[in-house]
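Shared between the two complexes below is chain A, which pairs with chain B and chain C, respectively.
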Partner chain A sequence: MHKPDIETLVRECLSQVLKRPIQAGTAVAREDDGSWDSLRHVELVFLLEERTGIRFTQEEITGIRDSQDIVHLVAGKHGP
Partner chain B sequence: MDHSITVSGYYFELRPVRLEDAAFMISLRTDPELATYLNPTSGHLEDQQVYLENYFSTPGDYYFIVQGKTSGEAEGMLAIYGIDHRSQSAEWGRWILRKNSLAAVESACLVYRAGLEELGLKELYCRTVARNERVVSFHASCGLSHARDLPDYVRINGVSHDSVEQVMNASSWPSCRQHMEERARQIAALLNR
Partner chain C sequence: MVAALEKAEWQSVLFAPRPSRYRLGFLQAAWPLNTIRIQVHRNHPFEFVAGLVPAFAAYTDLGVEFSYSEYDDALNFSGHREADVEILWLDYDRYAKFLATDELLAWLFGRLAHLRERSQGRILVCNWASTHPAADRFNRQLNTRLAGIADALVCDQAGLMSGLGDDYFDDRNIALAGSALSHAACMETARMFGLSWLPAAVYPRLKAIVVDLDHTLYAGVAEEDGIARLRLESGHIELQRQLSTLRDSGVLLAICSRNNPRTVDKLFRQRRDFPLGLEHFSAIAASRSSKVKGLRNIAGTLSIGMDAILFIDDNPAELAEVAAAFPGIHTLLAGTGPVATHEVLPRYPRLHQWQAHREDTLRSADMLANRERRRLRNEIPDSGSYLEALGMKLTFHLDPRHLRGRLHELSVKTNQFNTTMLRLSEHDITSRLADPDCFTIAVELGDRLSESGVIAALFARKENATLVVDEICISCRALGREIEAVILLESLQKMMHLSATDTAIIKLTRGPKNAPAVACLEAVFRPDGQQDSDHGEYSCGAQQLLNIPTCHCVTIRWEN
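This part shows the complex of A and B:
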């Protein structure tokens, strides 16, 4: 997967879980988004795993602070 | 009160608080990041032990430790209290989990099982500081309905905060339980990888 594809995927997953549209190029941070709660966070992780076939560790899951962290995580696991 | 209720889930369980939990409880309740929206707690072990001794003799107050089911490792705590026998309702709160814990969903699920099934209550409600948006959102995501806004309901460190009351009742619990348990099962699978 190339980075633009990953960014699109992450945006789609976030939009589905947070139940609102997310514009391309918009970074979403947990700290700033009150709707990104603990239940939605795990729902997001499971959706990402389902869509990418990637598995995240507990440390990776709890370390996610924003949409860019997810993009980097997925990119790192998919390789160049 | 000195109760004996234990409720087990997929990965976590609730068990009664014991006197020897005092140090763990202090460690969470005095963590500035975790305790932002909690009433201040003394950092002295003796004070917490006195608090627990009083708690053990307080009827209608059920304090739990959230712990790993097989590891027995304490993950956090929560409580059911303020039982109104006429309306068969109670509040739950004092909910605090270790940083980076994945016990939120299952511990919430377990407290509803404790309150609505083990204690046979018709309603469990929680009151959350309105600014604590992620927790308010969490309860809504779990299926709780908004009951009412509580202006200036709590004072924490001398500052008044509005709160939000959200309710889980016995009639909506079965469908909410299904949703929450599915997520708890997935989290347990992840933690068991």
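This part shows the complex of A and C:
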């Protein structure tokens, strides 16, 4: 998976879980987004795992702070 | 697009072996939904499940509105709001650290009794899904004892756990969100709530499944491929077995096929490898004419409404045509592959059965006996002689607490002979049974051809010197045997005697389907037809009752 594909996928997942459109190039951070609470975080992880086929560790899940963290995490496990 | 076709497209997502969270997110119902309010009483998060329920529920025409208690181990029910369904979603492992199983059960049932008093809604109690050694015994006790609480039902979460095995738990989320449920467990639970448990809590069970033959019960076309060359694959065998099991549980089966009737007859005589035989079907419509016509005939033969029928066919155009003609009918697109019909049917909405009644096992045999009754009726033109030949017996039960479930079923499922459509809950009926001013009667029917079980329910109460009959329901299976008036008059006489009342008022609400009930009341109480058509009740004096002519070809017995 190439980085632009991963970025698109992450954006789609965030958009579906946070229930709002997210523009390309927009960074989304947990601490700045009131709707990205711990329940949504788990739903996001479930969705990312389903779409990428990756299984994240507990440390990786708790370490995600923003959309870029997810892109790096997926790229690291799923890079070209 | 016709909702039936849109729903057929949804099948590949909703009934997939492992539904996709991503694809589920795109399903938006374009048809109207009946929104129900669901209150969740919990000590661990339900949101992961609730977020996935709407698409499944929408397939059954249900909208869902969840509200949540605090995380409350004590089940205080503080901030309780009126709801159609109450869900108890408890992590029982938390209690097992402090309470023995019997103590936990005693505490839980105390809380359930309290909730029962406060709520009119159905209570769904999720059982203990855990590897804890006490879980099995707890769940068995829960099943047994919950039958004693009206409108309280068990959701078999432990069954989902055993189906998913190790995939049920995911410990990674405990620290983050306080939930040990995996994605798969949340999805399966949501699917059960959306497709099975919630529809079964708020809708009556479907009464009949009508199946197409070619490419539905087997692979191939009987009149093109030849009967011997039709392929019965493992999925078809499984489907036919499932249909047979559903029949045993009270769902009537029927065939609607464009095959020639002789072909259909030959097919079932020749193919002894089919788990289903012609004797399993209560009605058969086989002709070149449209399936709309066939289904109309079947509904007429079975005396049921289209909204109580599931029609299974492999041709989307047939489904669309039928759904356009009968907007209430339920449809399922037959198919093979990962979402094959036999994978879908066990999860299909409104086939889930919370509890079996004796009548469920009698229904199919009773319908078969109807064929014999029709034959007799044709042979014996005189109505009195025909009824005498049937040798009918009616057994009346006064305030029968043990029949609470069946009384509820009659109140919610009958349409043609239902005088007020009160749709009484088990809770309502329990309250009536406990009230000395209320009278509740259940009536069993049998004749020399079959036992029909409890086919009628009457709910009345004493109001000053008057007996008010709030609802009379008679199963459509019992109609046409001229016993409606007998049931009515015998019950009224008994209740007026017991209540020492001299007048009876029979309430009536006209509905789209209850013309047979209206016609019976008119015939009994207004034989000269002098009344206006809009009145909401009939009244009758005790003496007047004795003068109303009725059928004498019925043996009557009272119990209790």
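Everything below uses one rule, namely that the second predicted complex is superposed on the first by the 80 of 80 C-alpha atoms of A that agree within 3 Å, B and C clash if a C-alpha of one lies under 4 Å from a C-alpha of the other, contacts with A are read in each partner's own complex, and residues count from 1 in each chain.
Everything that follows uses one rule, which is that a residue touches a chain if its C-beta (ideal position, glycine included) is under 8 Å from a C-beta of that chain, and two chains touch if they have at least 3 such contacts.
Small disclaimer: the values here were computed from a predicted structure and weren't measured.
*Asks:* So, does A:Phe46 touch the first partner chain B, the second partner chain C, both, or neither?
*Replies:* After superposition on chain A, A:Phe46 lies in contact with both partners, chain B and chain C.
*Asks:* Identify the partner contact of A:Gln16: answer first if only chain B is touched, second if only chain C is, both if each is, neither if none is.
*Replies:* second
*Asks:* Pick one for A:Ile61: touches chain B only (first), chain C only (second), both, or neither.
*Replies:* In the superposed model, A:Ile61 contacts both chain B and chain C.
*Asks:* Taking the superposition on A as described, I'd like to know which of chain B and chain C A:Lys77 touches: first, second, both or neither.
*Replies:* neither
*Asks:* Name the contact category of A:Gly34: first (chain B only), second (chain C only), both, or neither.
*Replies:* first
*Asks:* Find the residues of chain A that appear in the contact set with chain B and again in the contact set with chain C.
*Replies:* 38-39, 42-43, 45-46, 56-58, 61-62
*Asks:* Tell me, which parts of chain C touch chain A in their complex?
*Replies:* Those in contact with chain A are residues 20-22, 25, 45, 47-48, 51, 171-173, 175-177, 179, 183, 186.
*Asks:* Okay, in this complex, where on chain A does chain B touch?
*Replies:* Residues 30, 34-40, 42-43, 45-46, 55-59, 61-63 of chain A touch chain B in their complex.
*Asks:* With touch defined as at the start, can you tell me which chain B residues reach chain A in the complex?
*Replies:* 100-102, 104-105, 133-138, 141-142, 180, 183, 186-187, 190-191, 193
*Asks:* Quick check on the complex: what are the chain A residues that touch chain C?
*Replies:* Within the complex, chain A contacts chain C at residues 13, 16, 38-39, 41-43, 45-47, 49-51, 56-58, 61-62.
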